[in-house]
Every structure is written in structure tokens, then in C-alpha cells.
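Both of the next two complexes hold chain A, though its partner changes from chain B to chain C.
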Partner chain A sequence: MADFKFPPFYNYPPYFTLQPVKDTREKQVQLWKELILDYCKTRNIFVIRPEEDFPLFSNPTIDRSLTHEARQVFLSALVSEGRAEWLDKGHKKCLVLWHRIQDWADILVQYVKENGLEDSVMTVEEIRSGPESRGTELHGMDRIILWRALKLLENKGKLAIFKGTSADDEGVKFSL
Partner chain B sequence: MRRRPGIGGLQTAAAARDQYRLLGENVAKLRTDLMKEQLATFRSQLEDFARKHKNDIKKNPVFRLQFHEMCAKVGVDPLASNKGFWAELLGIGDFYYELGVQIVEICLATRPHNGGLINLQELCSLLRQKRKGSREAVSEDDCLRAISKLKVLGSGFEVISVGKKKLVRSVPTELNKDHNEIIELAQSQGFVTIDEVERRLSWTSGRAIDALDTLLEEGFAMIDDGDRDGRRRYWFPCVSALSASGEADS
Partner chain C sequence: MVTINMPEVELTPAGRPILLPTETECSLLSGVQLLCEDDDRLSHFSLHLDPGLLTLTTHRLILIPENSSTAAPSSTQSQHSSSTSRPCSIPLGSITQIFVLKKSIKAMFGSPRLRFQLSVDSEGRVGKTGRSVVVTAVMRGKGDVEAFVDKFRRTWEARVWERDPDGSAGGQGSGGSNSTGNHSVGDSVSGSGRGGFDSRGMRVVGVSGILRREQEIWENTDKNLQEAFQDLNALMSKAKEMVMLAEKMRLKLLSGQSQVSDEELGTKEEMQDWLLSVGVISPVTKESAGALYHQQLSRQLADFVRIPLDRAGGMINLIDMYCLFNRARGTELISPEDLLQACSLWEKFDVPVMLRKFDSGVMVIQNKAQRDEEVFSRIKSLVTRADTLRTGISASDAAITLGIAPALAKEHLLAAESQGLLCRDISPDGFRFYVNLFPEICIDDIHLVMDEGLYTAWIKSSSLSRLMGH
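Right, the complex of A and B next:
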């Protein structure tokens, strides 16, 4: 797992308590938003479940942990900027978009071009776990995000999606 | 037997007065000339000195401090104006104006974190990081001088002493004695609790809460409810040097 360097504020206890004063709160939310995106990107994390233990939200060194309210505030701030999405109404699962869907689509196009797959057919599963994508950001990426990126490209006419018999064998034909 | 005044006596007295006056004028003139000469010599010596040690003054903060002290003793302010021979000779004015601008930048950049109150030490270390490429070393004394020059802008830059530490305030908010005492108390651990303020300063709880609320409202303090003992802690970023230590690690 990649090494992650925590920013200085992560070791300062008050940043784990929601600040009541507006300006201070804004700064706090901004810092946490950046940290969550950085952390998830470095560790390849796509989904945060705020009600469960999540290492980023507790710092044993200073014995501080984010309250549920704070977790909701920070994640909701990301959602409002389009950098995350709640996957359920109860806000129990949060999809973190450290690349926006558009950026993921660009990465996909880049990958297709670099590997000469412009007119090929692949399964969706192949894209995220096949040998060709190993070493790229696509490898092991979240299915939901991949699906969104594919849909986006389909709408732009850059590929066609074929329904298979099960979720695993949906196919994609690129036409770049 | 008492002599009565005669015309001769009056004339003698007048002549003597004239003589005295003439002599007095001569002496005064002589003194002024001598003074002028000494001043000219002194000035040229000081110029020679400054010219000779120009590089030391520029590069060595300790030497610079001593030079400033010497100038202060003889009543010369090398920073009084950017024009005039000191600036031309040393470029020393530019140096402090540059520092001043950088100090303002740092204060603005760290304001969201510390509410506009920063530890002088932290400010200096941030300043040094910012000036990494530059040849001249910067001391705390240089910072203080540059800040004192910023005062003419009326922007509310001020150095306040809290306990043993010096803090630089870059927002117009005036801190009263109560606030200062709390910040001083916070220096040992970086935070205070209401209980602690009441106990250590023998204040009523209303007074403590009032002062802490103001500090919170102004962005100088942050609350922390995460401690196991359940007591709310008020942290003061201005005494914790958070950003400096963090960036030094990286």
C-alpha cells in the first residue's frame, strides 16, 4: 500500500471537532475535503462508509476521531462539488470521485488509444481486471464509476455497450 | 562712601558688555564650526564604515543588528527613507520593504488557520522558507524591523508580547488584557479549558466564557470536544506553530 503523508492539521486535535465559527469551519471543511480525496486516491479507495471504521477518520496518535456529524458534513461537502456521490438515501455509502467521471472517461480513451484497442470489443470486467490494464489507474477501479464513464462515452458515440446474459459479461465496442 | 554713577562709568560698562558679546559670539561660532566639522567627520566615517561593511550588513543578521543598534545610539535611522544616502549606499531599505511584503503575504496565507495571530518564531521560519533562494539570512530582529515599517500603512500590523513569546497581529482586532492572559496560559499546552482559566486566573466563569467566546469568534481559537474527559478544549493555533513544524518535516 502506498505511503501516505498526512498534512499537519491531521495532528491538531481541534480539526476533529466541527468548528462553530463560520470562517474557521470553512477552512476546516476545505482541508478535510482535500485530505479525503488525496487519501482515497493514494490508497485506491472508492467507497467510504461513514458509519463504519475508516482509518482516515481516526487518528490514534492524538486520540481523536471524527464524529458522525463531522463525517457527514465533510462528505456532503464533496458531494455538493461533484467530487463524491451518496450511493443510498441513508448516506451510509459514499462514492468518492478523486477523478471526476469525465476524467475517468478521458483516462479510458487514453488507455484504449495507447493499446490500439480503437475497434476492439472488450468485456467491462476485462477493462478493470484484465492483464492489459494492469499498472494503469483503470486496474481495479470501481465498477460503478467505470460504468458511469462508459455510459458517458456511449452518449458521445465513442463506444457501444452490449448487454450480456449476466452483469459480468457486458461487452464494449470502442469506435474512436 | 558710596560712589554715585557717572557718565564715564556707564561708558565703561557698555564697552565691557560689547566686548563680552563679541567674545561670546566668537566662541559660539568656533564651537558651531567645530561641531559641524565633527559631524561631517562622523558622517563620513559612518559612510566609510557602512561602505566597508556593506556585505556584512547585508548578509550577516547579527552584524546587521549591531549596526542598527549603533545607528540608533547616534540618532540615525537607516530605514527612515528609501531615498537618501543610506538606501543608495546599502540598499538596506529595499531589503526591509521586501521582507515587509513577504511578511504580509505569510500573514494573509496563514490567516484562515490562525485568525491573523501568528507566533513570531513561526513567521520567521516561514519567511526563511519563502526566501530559501536568497542570499541574505533573516533574523527575528529583521522581522520586527520590517513589521515596524509596516505600521505606517495603518493596516493594523502589530507585535504583541504574550508571556515570553512575541505574536504578530495582522488583523485590526484589539486584544484586551483578558485575551492576552488566556493566550499566555495556553502557551504551555497549546490549549486551555474553561475550568483551567477560572482556576488559574481566579476569574468568574462568566468572564472566562466571555473572553474565550470572543477569541473563538475572531478565529484565534478552535474548539476540541474530542478529549476523553469530556471537557471542551480551546486550542490556539498561534502558539502551536503547526504549519511551520509540519512543513519542516516534508
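Right, the complex of A and C next:
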């Protein structure tokens, strides 16, 4: 994955302080939402833990970092837009959806078609880490997101999920 | 028929009469009308003044018609000619008799009437000798008439104006005696333009009063010293006092209060001059103004604040003003509530200053002429310089540039922030403000940089400093 290029305003100190004035705050939140999605997509990051160190939230060049309040505000803004989800009630883990679930499902269908996997059976784990998916966005993707995308396709009747003996070997049969 | 011609009085911008150097206010009564009811003398003289605020001072009776003052609650009797609605005065020295306030049954239902006798010349000029007329003051207001009349009589009997060194104020022959008979009398009051704040002349109250008392004490001390050295016997008799004096001086020297060197003496003089220049000679008090206290205090304050306000750059903290005003009043201190009420009343008067409350709750007094836009444009030019674009500014930076107190500078910065001109940066280094670049940043392409604009200027400035190893 390519190195992430920070936008110029990343070195603008007020960018790291929650702005109290409504219009300014709205623009600031928008810019953070864009940057978080862009950064996570480039670095293939699916989960942000706001209470732990996260490189994007600290800029050593200007010696500024986001407060916990600011992190919560920006991530919650993503959540309210459907571009992220809190994985726990305490807001300690945030699942970032730089592709929406529907988009992930579309990518999955595309992948199945390109690889001639229609009507074939594979395990869920194979989709994430098998040799076929190498080099695609599916490779190494978050299990939770993959599961949601699979469920979405199952509801549309495009595949069937079989229960395996353990949680790891659930099988998928595509029927496109 | 001759119109009685009274000296005109000049008002301050806030609508208070400009007093003489040694004159102080004694009492006020609103809704007073002056009439001349000289029927028994075939009506030689006429006088018909609009009702207004009658101010009794140690030297004069000053009538400020309601529709001439800047307060201007519109008068119902404005049909009178304009010449009668100007503020004018009667020197107490020209009053020859004050009659007893009538206490008849009729007076219980009508307005109280006070009659007094005035000496005028044949052309009706007040203050000249020759003839006398009886003037009636009809008190239609709600004030304490008896208290006012009582004070009027006592002030008149005290004849303070006669003790005036220059003798110009209330005495006979004042009030435009040099005029040629037209309406431009009253030069003795306003001609000098000293506005009552002159540092010369005797003072009775306030800071100047204290200084004067101190002066007297020192004069006495000086006399003691001279007497003591006249002969040894006298010295013996004064020995005890001398020891006490020596002890007192020693203590003063030790505590560093006494100035010895010429230079320090100069400083003390400057200090005194300064105190005198801000002294309020005739402070409005609850006793003198009664029900009109806050209204008059408000006007006096409006006049007083102009000089400190100019020095402070057009805006001053209410608390600072409270201290300055009370120091100038010397002994007649006012409470914070009184000050606040006086400031709140400015809305009703046409005065050039106003009370302003910032969102943070900080209250200031500012010139009405001072516009926020003007301050904002100065702030903007301050934060868009090549160096401040990159580093931002603190409240104290702004205070230095704008020439105002840091606390007020911060209020201005916060106001500019709420207008979207600035945004904040809070870090361990402190609280700083930057020019607001957010509106210029493109949301659809966060890497996009336009060819020009503040955002571009900022990028250039900050990348340049990083190249130079910052």
C-alpha cells in the first residue's frame, strides 16, 4: 500500500483543537471525516481505538494531538453518517467503513465473478486470506465487515452460509 | 414689557451643567417652572421658562429645561420660543429675599409655589441692581419640595460665593455684565471653558479636598518649626511636639513614603497633578440628588469616562472604571450596583459612551463611535502577516498591537472568532488564535491548493519555515 500523503492543513494547529464556532466546527469535522477515511483506506485500517495511540491523531511536526473529546466527536460524526460503527458501548473500538457494507458486498460479487467462483463453496476465512484474494481489497479485510457483507448477500439470495463445526470454518456457497 | 435675561449655562455632552471651579451641587428638583408674577408692578417684566430640572449649587440656581437637555423626554410645552428652553442660571448673589413656602389649603391641591425676589436692571438683566422682581418657582415634580426649599435657603444664607477668591461666580455684577444687552450673556460661566476640572482654586470635597487638608496639616507643621526656632524657651515648650514630629518624619523616611531628592519631589508633584486632573469636584450624591441620583450620576459618569476611555483605546473594563471613578470622587464613594445602574441608564440618554456586555459576561464601557468592524480589520491585518500566519497570536500580542488591556484583547479575539474570522489553537504552549483557513479548504479534494488565497499564503509561510530548519 502506498505511503499516505497528508494534506497541507494537517500542519495547521487549529485543525487539532475542537473549534467552538458552529460553521468552523462543521468544516473541521468534515475535513477530519475525510482524512480518517482516506487514511484508513490507504493504510488498510479497519478499527480505531481512540483511547490508544493512533498515528493520525498526533502530528509531531507541529507538536499537536487530538484530545479524547475531539477523537470521540470526529469518530461519532463518522458513525452518524454510517461510515463507522462503535463496536462496544464504551466507545473504545470504532469500526471504520471506508467502503460501506453494500460496497463491500459489490466488491465480493465482483471478485467471485472475476475468479469464476460462482456455484463453488469456500470458507469465510479463505475469502480473507486465501491465495485467490491476494492483491484485492478483500485480502486481510476485517472479519466483522466481511460477515456483514456476506449476510447482506445471503438476504438477497445470492449465497448460502453453512454452519461449520467451529466458528472458523463456516462455509459459503455462492449462487449468482 | 421686558424679558428677564438670565445667564445661559453650558452643558457637558452628557447634559450636566458645567460648574465653576469652586462650585458644588447641593440639591436637585425636577419639574420646576419659573414664572414672573409681577402683577402689582404693571407687568414690566416677563419670564416664562419651560419646566425642567432645577439644580441648586453653592453659587447658583441652574434650570435645565426638559426639552433642551439631551435626555429629552419630549416636553408638552415645546411651543415656547427656543430662547426660553435653553439652560440658564440665577446667581444666588442676585437673590435679595426668599419668601416662606405657602402652606395654604390651596397649596395642598395645587403645585407648591416658592417665591423669591431677584434684583435686575431696567433691561431685565439678572445680577444688576436697580429694580427687583418676584419670581415664582412652581414645583410640579414629585421631589421633596420642602427639603429643597430648606436647602435653598440655607445655601443662600451661607453665601459661599463671596468666599471665592476671584469673586466672579454668584456675586453682584456677574452673569454677563459686560455684554451689550443681547442674549449672549453667561460668559462668566462658560467662557473660560475650564469645564470645572481646573486644578486651580479651592476645593471642598473629593481628592482635591483631601490634598488640601494635607496641605493645611503641613502648613501647621511648618509654623511649629518656625516658632520652635525663635527662641530656646519656645523650643523647650515645643520640645515634645518636635520629638513627635521627628519621629513621624523618621517613620516616613523608613517606610519610603517621604520623597527627598528633587527628582522624587517632581514625581510626587506629577502624581498630585494627575490626581487633581481626574478629580470630580462636585460628586453627585444621594443626598444632593435624591430621587434623581442615578440619573445624575449616570450623566456625571458619562462626562468623566471620556478621558480615561480615550487613554485606554476606546474601551475600558467596568471594574477599572469603578476604581478610577471612586478614586476621583474621593470621599463620596459609590457602590458597584450604583455604577452599573448609572451605566445602564446611558441607553436612555444621548451620550457618546455605552455599556457593553461580552458573551463571556465581562462588562466594559466603550465609545459608541468604536465599531467592531474597525477592531476586526485591525485583528485581521495582525493575523495575516507572514509570521503570524504561521505562529498565530496570543491575547497579549493583540493587546500590544491594539493598545488595550489583555483581558479586553481576548474579548475582541473571541468576538472575531465567533464571526468566523479567527479560530483557536489550544496546546500546552497556550491559547492562540489563527486566521480561519477552514472556509478556504476544499472538502471534495483535501489535497487541493488554490493558486492564491490565505490558505496558500499560509502553506508557503509554514513550508518556508520548515525548510529553514524550524
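The rule is simple: the second predicted complex is superposed on the first by the 175 of 176 C-alpha atoms of A that agree within 3 Å, B and C clash if a C-alpha of one lies under 4 Å from a C-alpha of the other, contacts with A are read in each partner's own complex, and residues count from 1 in each chain.
In this section, a contact is a pair of C-beta atoms (placed from the backbone, for glycine too) under 8 Å apart; a residue touches a chain by one contact, two chains touch by 3 or more.
Just so it is clear, the structure is predicted and the values come from calculations on it, not from any experiment.
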Clash-or-fit label for the pair chain B, chain C on chain A: clash
Touched partner set for A:Leu35, first chain B, second chain C, both or neither: second
Partner chain in contact with A:Thr17 - chain B first, chain C second, else both or neither: both
Partner chain(s) touched by A:Phe9 [first = chain B, second = chain C, both, neither]: both
Partner chain(s) touched by A:Arg64 [first = chain B, second = chain C, both, neither]: both
First, second, both or neither for A:Pro55, with chain B first and chain C second: neither
From 6-14, 132-140, 150-158 or 222-230, the chain B stretch with C-alpha clashes against chain C: 222-230
Intersection of the chain A residues that touch chain B with those that touch chain C: 5, 7-9, 11-14, 16-17, 19-21, 23-24, 27, 63-64
In the complex with chain A, residue positions of chain C that touch it: 392, 417-418, 420, 423-427, 432, 434, 436-439, 441, 443, 446-447, 449, 455, 458-459, 462, 466
List of chain B residues in touch with chain A within their complex: 112-113, 115, 191, 216-217, 219, 222-228, 233, 235, 237, 240, 242-243, 245-247, 249-250
Chain A residues within the chain B interface of the complex: 5, 7-9, 11-17, 19-21, 23-24, 26-27, 63-65
Residue ranges of chain A in contact with chain C within the complex: 5, 7-9, 11-14, 16-17, 19-21, 23-24, 27-28, 30-31, 34-35, 38, 61, 63-64
